[in-house]
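Down below are the structures I want you to see.
Two complexes follow with chain A in common, the first pairing it with chain B and the second with chain C.
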Partner chain A sequence: MSRNATRNSSRNTSRNSFLESTLQGFARAVSKALQSEQAATQPGLLQQLDPRVRVLGILALVVSVILCRRPEAIAAIFLVAVALAVASRVSLTSLARRVWLVVLGFSGVIAVPALFLTPGQPLFTAPALHLSISVQGVRTAVLLVLRVETAATLTTVLVLSTAWTHILKALRSLHLPAEIVTMLAMTHRYVFLLIETANQMFESRQSRTVGILSGAERRRMTTRTAGVLLSKSIELSQGVYLAMLSRGFRGDVRLLNDFRLQPRDYVSLTAFFLTACVAVWMGR
Partner chain B sequence: MAQPLQRCGDGLFPSAALAAEIWNRLAFEPANPVEIDQIMHIPDGYLSPSTCATFYVVAASGWYAALKRIKRLLATRAIPLISVFAAFCFVVMMFNVPLPGGTTGHAVGVGISAIVLGPWGSILAISIALAIQALFFGDGGITTLGANCFNMAMVGSFTAYAVYRLVAANSDLKSRQRVLAAAIAGYVAINASALVTAVELGIQPRLFHDSSGTPLYAPYPLHVAIPAMMIGHLTFAGLAEAVIAAGMVSYLQRADLGLLSGVSGGSGFAATPPPASATTTAGASAEPSPGRLWWIVACLMLFTPLGILAAGTAWGEWSSSAFMNPHARDQIAATSGNHAPPSSVPAGIQRLSNIWTAPFPGYAPSFIRNQMFGYLLSAIFGVGFLALLALVARAIGRKWSTGNLRL
Partner chain C sequence: MAAIFELQDISFSYEAIPAIRGLTLKIEAGNRIALLGANGSGKSTLLRILDALYFPASGSVKFKGDALTQERLQEEEFFLNFRRSVALVFQNPDVQLFNPTVFDEVAYGPLQLQWSREEVILRVEETLQTMSISHLRDRSPYRLSGGEKKRVALASVLVLDPEVLLLDEPTATLDPKSQSQVIDLIQHWKGTARTVVTATHQLEIVEDIADRVLVLEAGAVIAEGTPSEILSNTDLLLRANLIHAHRHSHGGVEHSHPHLHGHSRHEHEHDHEH
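Up next, the complex of A and B:
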């Protein structure tokens, strides 16, 4: 479903709009997944690195963001994240829509009351309203929003520059148990199948709906759909299990690990860790 | 042309429905594919590094125990069942659940998951769904994944399971009592998860602030964080979870009773034995090996110096000398809402502090200069002492069971 279609449909406000909202949610998730897969194939800086280096390097930067206690140091990592996005051909417009504005809208709203509620040295006082903004309040709000923005930008750059299969293989080579990696891979695969199934159920129900449903009818409809989806999921898992058995699955999971580190990977990994260490040192 | 926004309330603040509508009109893409009102997904930046590390260790222990248990119960069936169920949970989290009053909410699916899979299977399924959200969709932080899994998957699953068992008791699988039990289980579970989340967020400003008193992570103390989190969950999110859990149990009673039958046996649908052909080497090797457990204990011991990262002093863990030390007095005041401690040592503390002198006071034996080694040595000593006690208890237990113990 295109964005315009999604937006137009959202304007058809009715009491049955929960159906449209759910369908929009499905469309958004699939669209995001497609966007990630497409971005991961771009010939960018991060895409050329070994996935293990990408995962470890970005993780080191995210941890450094959490360890930093000074906004200046976090802002410096944010600039590094933006530079990585540009070098990896990740669209800044997409980042702004997907991360920056959303985080600003969510964490920004959460941070605003901290300006007034955090006790400390008064910075500005509005006597008529009996409100005062403290220096500590401004500082904590800035720290919170900057941290969340930077960490979310880094995570999104990783997601947009790395195919899911590569992230999983990188996790496996970092000694995450093979069973967990296999479950993550299978879940990811069946999420889209079940989204498609649920989408079809909601669409077929929507096409048969005339008039306005009562609240109880709407709840019954949603829970029945979820119930049918559960039955189908269990059936699917049994089918998948039999298929795995037929291919000789005996409970042992083995995954290929064909990554080879190149000299540039070592250099990049060193650069990631150095940046993270310098940031932590600056922001201590 | 955009329709005018419908005003949903007359108060100063817009209702949740109006906020959702404004959100849709702005046409921002939520970072979260399951919509923005899933505030229980703590993003990176809200929790301190030591809190994140602690919850990773706790969550990893839970995942290890759950994986072992589920593999023992299900053998080779575990991987496809948990994977597909996790995918189901992920999709259910995207459902807009219509609520009384005309608004909608999102469920986590922890209630129905615990009822159908049992608590251990539910822990894995919800954790996998949360990991996919964090790693693939960037929803919920990477550093906070351990805390998010603990809050929703672990606390939620065990609470839902316990409440369902308690309320459903031995009622018939098709009885209305089961539907009511599911509703209460879902509602209580999601609120328990929210409460734990609020406590994690609320302790941040007390424990992690700089010298000027600026909170370094989540800025609100417990008396703000708990009501702020609970109001939304006691109303919308809790109701959404209750509606999904009760509605699905009601549906399953009519359409697929088999999925509800396992829970009365103790561990959910997942506990039903696998077909004979499925019992393979995996099932046989599912017994936890003591060697591995020792490795886990060793890893946990290596994490003990994380306590050094914590800024300030632990509230309430003050020695009698701290009341006379100006620096320690400042720290006590800072962690007590700027209330100055008494000018002299309280008599009770003074009296009791002389009863016992710890061999390793402050996890730092006097002969060790390095604080980190002090922590490690304390951990080794503590684990060794407990292991010795366990060995003695086991020996006594064996003698007792064979009747050789005479008291």
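Up next, the complex of A and C:
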């Protein structure tokens, strides 16, 4: 097969797989959400604690990460985060794929210039390029990457070990405005319905598609789908508002807080705050 | 008998499209009414007017003798009494189930109506048990089947123990078992003081859910009677697009007759030889 034929074949396959890959994307999104919910019901360390303690404890550790100025202290909190993940039955493979690699990519791009731009004692010099890496530059880059990795790991462990509904209730009982909590809850509730609708639209399109879709057709289809979804979501929001009115909504959101603190929650909260304080003291 | 609702010559339009035209209606306590009509006949709009979600452009609506207006609903006592007394189950359960979990969904109404925390928890638990959905209490609505969603939607209003229940196509898109459960529930209220108004175009459930039937066409009541009176009037059902002429052949002879979709007891005679 000639090189041109191979290139055309590969391009055609990619065009044919547009619908399939979109459908697979929808399925992956739903599947990830279901996996997260399953992890939250596992009998683990964090799962046994009151959701408010989990939210406050993780928040305290994240704040300590922001305040620490020494990589060694942040690395210690990173190890605490990994230990919490293991004790809460959160898969390290999943963490590596969903957090560590992604965060490394993003924060790495921001950190690399710091290697060369931070003035200080030279560690390595490339004479041909007139570039040198300073010890302080390496320290700054490591600090940045480590800080983002640790904060992202902590929040992901919280999200994977806590049902979304519990996080929202915990935020509400910690006095986050009810309107914000309701908006977050509804977004989470209806995003799956809209994903399902989009999925059905693509399936319907796939069942009637013969041959190869051109780039322009694919763009048109995506735009139309987005338009239909927007109009459906507007219709849905009007219906939801009427349903809220029908059951007594008058502008004030009232939620039920049915959490009860146990002795182990007080112990854990103290442990979280102590760890955070020690890390800040060591990392100053 | 005391009138729960009195509608006098009401009209309502969506932009320039009329949905209800000059409709007059009296609903008394304990009535079980079916609103029959094809799609777009104004059934859902009428239910929303009865639930004070829409207000007519002309005419008047009274609830237990009091004018049902936007101004009256601003009064807290009237609002709380009305919302506790009248409940609407929407046709699309996804519209009605907007809370993160089934428990929160059922607790939503009582919380908005300012019940105490203890009362809310007690009534929600009782309702979940009565509706046999206790096992779903921590589930998210998007993970429920169609039948389960409908039961949760019903539970979310029954928790208030309303005097008037407005049901918009309660059995549409349900499987036969779920349909039967919903019909059983409505039948269970027969002879009680609870008023049930059901909008439907499914003729096969009318005799089970209603004692009085109103047929709507283009936003107006074109007929009223008992289920047997209405269902035996083929011309009326044809006019209201609730049945249609069905053409088929027997032994090579083609003929047509009125046809009721989903009517399990439908029989017709042939005037030709097979």
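Definition applied: the second predicted complex is superposed on the first by the 238 of 284 C-alpha atoms of A that agree within 3 Å, B and C clash if a C-alpha of one lies under 4 Å from a C-alpha of the other, contacts with A are read in each partner's own complex, and residues count from 1 in each chain.
In this section, a residue touches a chain if its C-beta (ideal position, glycine included) is under 8 Å from a C-beta of that chain, and two chains touch if they have at least 3 such contacts.
As the structure is a prediction and not an experimental result, all values here were calculated from the model.
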{"item": "Fit or clash - chain C, chain B, common chain A", "value": "fit"}
{"item": "Contacts of A:L245 with chain B and chain C, given as first, second, both or neither", "value": "both"}
{"item": "First (chain B), second (chain C), both or neither touched by A:L236", "value": "both"}
{"item": "Chain B versus chain C as contact partner of A:G211, first or second or both or neither", "value": "neither"}
{"item": "Superposed arrangement, angle subtended at the Cα centre of chain A by chain B and chain C, nearest 10 degrees", "value": "90"}
{"item": "Which of chain B and chain C A:T165 touches, first, second, both or neither", "value": "second"}
{"item": "Chain A residues touched by each partner, larger count belonging to chain B or chain C", "value": "B"}
{"item": "Touched partner set for A:I66, first chain B, second chain C, both or neither", "value": "first"}
{"item": "Touching partner for A:P127 - first (chain B), second (chain C), both, neither", "value": "neither"}
{"item": "Contacts of A:H188 with chain B and chain C, given as first, second, both or neither", "value": "both"}
{"item": "Touching partner for A:P43 - first (chain B), second (chain C), both, neither", "value": "neither"}
{"item": "Smallest distance from any CA atom of chain C to any CA atom of chain B, in Å, after fitting", "value": "5"}
{"item": "On chain A, positions contacted by chain B and by chain C", "value": "164, 186, 188-190, 193, 236, 240, 244-245, 249-250"}
{"item": "Interface residues, chain A side, partner chain B - complex", "value": "3, 7, 10-11, 13, 15, 18-19, 21-22, 25-26, 28-29, 32-33, 36, 59, 62-63, 65-67, 69, 97-99, 101-103, 105-107, 111, 113-114, 117-121, 135-137, 139-141, 143-144, 147-148, 150-152, 155-156, 159, 164, 167, 177, 179-180, 182-184, 186-191, 193-195, 198, 215, 218-220, 222-231, 233-234, 236-238, 240-241, 244-245, 249-253"}
{"item": "For the chain A and chain C complex, residues of the former touching the latter", "value": "37, 163-165, 168, 185-186, 188-190, 192-193, 196, 236, 239-240, 242-250, 254-256, 258"}
{"item": "Residues of chain C that touch chain A when the two form their complex", "value": "48, 51, 53, 79-80, 83-84, 87-88, 90, 92, 94-101, 104, 107-109, 111-114, 117, 120-121, 138, 140-142, 156-157, 160"}
{"item": "Partner chain A, residues of chain B touching it in the complex", "value": "2-3, 6, 21, 23-31, 33-36, 43-49, 52, 63, 67, 71, 75-88, 90-92, 94-100, 102, 104, 112, 116, 124, 128-129, 131-132, 134-138, 141-143, 205, 210, 212-220, 224, 243-244, 246-248, 250-252, 255-256, 259, 269, 277-278, 280-283, 338"}
